[in-house]
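For reference, the structures are reproduced in the following blocks.
Next, two complexes with chain A in common: one pairs it with chain B, the other with chain C.
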Partner chain A sequence: MPNNNPLQPKKAVIKKVFKVTPTEKMFVISFVDPKDQEEFERNYTRPARFVQVNLPGIGEVPISLCSPPTQKGFFALTIRRVGRVTTVIHNLNEGDYVWIRGPYGNGFPIDEWKGRDLLFLSAGLGMAPLRSVFLYALDNRWDYGNITLINSARTKRDLLYYEELEAIARTYKGDGVKVIQTVTREEVEGVCKGRCHLYIPQANVDPKNSVVIMCGPPRMYQSIFDEVIARGFDPDYIYATFERRMRCGIGKCGHCNVGSSDSMLYVCKDGPVFSYRQVQRYPELME
Partner chain B sequence: MEKRELRVGFYPTTSCYGCQLNVLNIEDKLIDIFTEVKIVCFHMATSASKIEESVDVAFIEGAVVTEDDEELVKKVREKAKYVVAMGTCACHGGVQSANIGAGFSLDEAIKTVYGENFQFDMKVMPPRPLDKVIDVDFYLPGCPIEKEEFLYFLATFIWSTWPEQKDFPVCQECRQKGNPCVVIEEGKPCLGPFTTAGCGARCPSLGLPCMGCRGPIKEIQRVDAMAKMMEKNGVDPLEALKRMKVFGGHSDEIIEKFKSLVRGE
Partner chain C sequence: MRYLKLRYEDRDRLFEALRKYGEIYGPVKISKKTYDFRKVSRFDDMDLNYVRTISPPKKFVYPPHEVMFEIDREKGKVSIPEEDMGPIVLFGLHHCDIEGLKRLDSVFMGYPADFYYSRRRKHLFIVGYDCKPDEFCACNVTHTSFSTDGFDIFLHPLPDGWLVRVLSERGQALADEIGMEDASTDDFKAFERYQEERRQGFKWDMDAYVLRGVLEMHRHSDVWEELSEECLACGNCNTTCPTCRCYEVRDIPSIDGVHAIQERVWDSCQFEHHALVAGGHNFRPTVADRMKNRYNCKISPAYGTNLSYCVGCGRCTAFCPAGINFWENLQKLSEVSKHAK
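Presenting the complex of A and B:
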């Protein structure tokens, strides 16, 4: 009898562990059963969806996928060590098992963006979900115009994927891809200083025909919304991710819902990616 | 994953030692426990116990009543990485704190129990829960503790993480079991609405009202509502408050409500 339960966790094995920053590790994971892997790839078509990582007896955490849907055979998760479950995940080694269910969430509507320029704005850990979109856009380079990515963090050590992004910037030099990395709390050589919205003027995108994609703490969103709209970006093409404490992932449990009873959004089902128009309708997303 | 040896100690203060006995009663898992962790101190189980040695996790049972108790728990706090208050006595003061805050006098209590002119060879203080003496990291309530919950606590420490504290009342587990409410259907003075969950609603499942043995949940604000509900069901509010005070003697909300009822407000 086929198991069609959407909440059923599937056994997966950790293939490789990378230490990205002092507090974050990237785990490359693939399912033990090839059928589960196939099903996962069939469902993972839009980048920046999330999965629930399950450790029996310890707990479950929602983690954004940081590998693009174009990479087959495995997926990657970047996890910061903050709590009860992530501490255990950080102690896991290559070859250890985790239980995964998903992918859940809507992901970025990349198909609607064809022919447009892309401007990525990321702060802190926001680079993890944006990496999947960025790499997807690079893998489908002919579909999109110029691409600029602004990655910011507190210190240079905390910049996620610093080396990788520098290498991408070198590879795609002269191809309309620009990477700006900036830190806010220290002065270091080689990286810019200040918050990410200061570098929007340096982006090589056409405001009239571009998409703004951002991820970071919701506190930064309002100032960036104001900034990009003042610069003439199209408000219909501004997207941000709003994470909540997603529990079930399929819009049943109600841990992540926003709005009132007559118009309600579940972040796990209708999000975590929301457009600027949705944010205006549901201001509690910003809290 | 890499496993490191977990050093565990069990330390008794003033209590019935039932929680430690319940640990030893986990017979089918005892071999697993003793192979996974190193027991540094457990006077009830081994004579090779050393109070002085440092431990990763210290389970302290009982309320602080004597001067020796206070000295012991302060010493353990210095040596231990995590301190777990084990049992309701350590978490909330237990049964011996039932009369605290309601005109309680230690001399009178001693006179009632031991008679006149009784000589102690130790200094006795009013009973206190552990967190009024030292910093407590985790609370494992229960009178006695639940075996499964203890194993969960130990397993999380072995996995180098920490346990999740329950912050919901017994009512939730009772509803999950599908029991009819003993308050609404039978009018019994059940304390489930503000008792910490974890027991699987044992007493209400058998048709008995909850005694509140796992202690009040954090930040309870339902004392007024509870007293009103009891009154509606024909239970004297003062009796109900006394019932709440059996295991929640140190809860400020209960003490305040009790005082206002005694004064007749």
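Presenting the complex of A and C:
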């Protein structure tokens, strides 16, 4: 039934399920009605927007798109099993249905970055939304300068898309794309040791003409802001994504509100991506 | 806008003429000290000298509980329940409640418009009614003490009837139907006297725009611990607020396993779960954090406007079981910042 209800979930089918880590699975999904798929693709132009995934009678959760807008005919979500709804989603198989609405949120302003080098800093599940940005940049390789992606997690098993990123690094070797993968809790072969920001000096980017793109637990953001600014990165080109409890995704239910009496915002609608300048304006984002 | 006059003896004619705009709801005394908007069948059923109703008019357009979708898993169908509300006349809304609806409109009818709110909102015919403040009223503080839009007609008491401000097209038609005369110079004088008495009645001398700065100064202060000491986190202040609008979503399966519904219910930012996310992290774990958030949210500008969400109706204070006084607290915060080094 066509209507103008922005909360209307659309039926979608799971095409493929990949086990990405012991606690995360990637679901490749497409809408059952091609019109819904088309509408989704029309609205998904900036990477790292998110969707609401609904299981009738069970619940609804916000999940970032980990596939870039350049991939058509499907989209992908990487979901960590943490609670009630995500556990049920983990038990779904190829051919099962889910209900989707979105895409929501602002995504990264990637068009404003043309001609710049890109430095990605990810911790843990942060790599899911960053994957969509990274793959988008590779699909539009000519628009951007050198690219470094630093992916970090506790252990090698927890590194999201480890194999995929290694393969990309091999493919783009000599083409200005560098991938560094690092773990904090163990010493193993094939990966570096320590937090992601330790490897910023090894990035192949020119600080003055770069964009810093980060996603991870917010407590890592302040030290990275300080560090990259001290290293001469342009404070006008630093971005991070933020998370809050979300119910509607469109600025109505009030759950994701952040701010103070002269600057209230909704993370779902005004974010979840914010620039460093916005973080200065809305310091509550960091609290 | 036309300024007309309705004579006291013509009140039933107005009431009868209003019936074609919907079922009429007005302020009614429901207990010794409490008023609420209820369905009324005669003009004189209403207690128009009320100060505030316990529940704000938001429930008419944004009910406490609303089924959004009915899902049939076997057929793979998601449907929207039929509309369950017809046209309604809200009679006797004070300035604050009219302003309150405007604040809700800014959120729910701002892009993308909320389907359920919009389909109810178009049914409302609003009759405003002037009032004198009590000790909990502070629409002077919030710049909402005199509505110039957001209603169809607005009644101001005169010694022998009402001065009627007629705003909307439907209001014009209604005025013509009853045959209201133009207001006279004496009527305007009486209206002015009433406004003067209203102005004298306001107890709180603050300015919501300045309070934004005051709250900003208290972002990290300990004063919130003190102010929230007695708070029960019961959420009454949200339920009774004409502009509080947070909702929780519930997905409920039916026993047959085939059908399910998704509904929304009013939520409260004073409840512990409001900013709780998976993994147990809570962005506002303490009562003090949540009180601070409510004060900030209420004084902050409504979406896409510079108007504060708080419209000064005084309900959160009048109906707080712990006796927490919103205005007194804001005044305390202003005092603290005045004396801050």
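The working rule: the second predicted complex is superposed on the first by the 283 of 287 C-alpha atoms of A that agree within 3 Å, B and C clash if a C-alpha of one lies under 4 Å from a C-alpha of the other, contacts with A are read in each partner's own complex, and residues count from 1 in each chain.
One rule holds for everything that comes next: contacts are C-beta pairs under 8 Å (C-beta built on N, C-alpha and C of every residue); 3 or more make two chains touch, one makes a residue touch a chain.
Predicted model, so just to flag it, every value in this text is computed and none were measured.
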{"item": "Comparison of chain B and chain C by chain A residues contacted", "value": "C"}
{"item": "Chain B versus chain C as contact partner of A:I58, first or second or both or neither", "value": "both"}
{"item": "Which of chain B and chain C A:N4 touches, first, second, both or neither", "value": "second"}
{"item": "First (chain B), second (chain C), both or neither touched by A:V188", "value": "neither"}
{"item": "First, second, both or neither for A:A167, with chain B first and chain C second", "value": "neither"}
{"item": "Touching partner for A:N91 - first (chain B), second (chain C), both, neither", "value": "first"}
{"item": "Shared chain A surface residues [contacts with chain B and with chain C]", "value": "57-59"}
{"item": "Interface residues, chain A side, partner chain C - complex", "value": "1, 3-9, 11, 32, 54-60, 82-83, 86, 97, 99, 243-245, 247-248, 250-255, 257-264, 283-284, 287"}
{"item": "List of chain C residues in touch with chain A within their complex", "value": "68-69, 71, 73, 76, 78-80, 107-108, 110, 112-115, 211-213, 215-216, 219, 245-249, 251-254, 259-262, 264, 267, 269, 274-279, 283, 293, 295-297, 299-301, 303"}
{"item": "Residues of chain A defined as touching chain B within the complex", "value": "57-59, 84-85, 87-88, 91-93, 96"}
{"item": "Partner chain A, residues of chain B touching it in the complex", "value": "1-2, 152, 155-156, 159-164"}
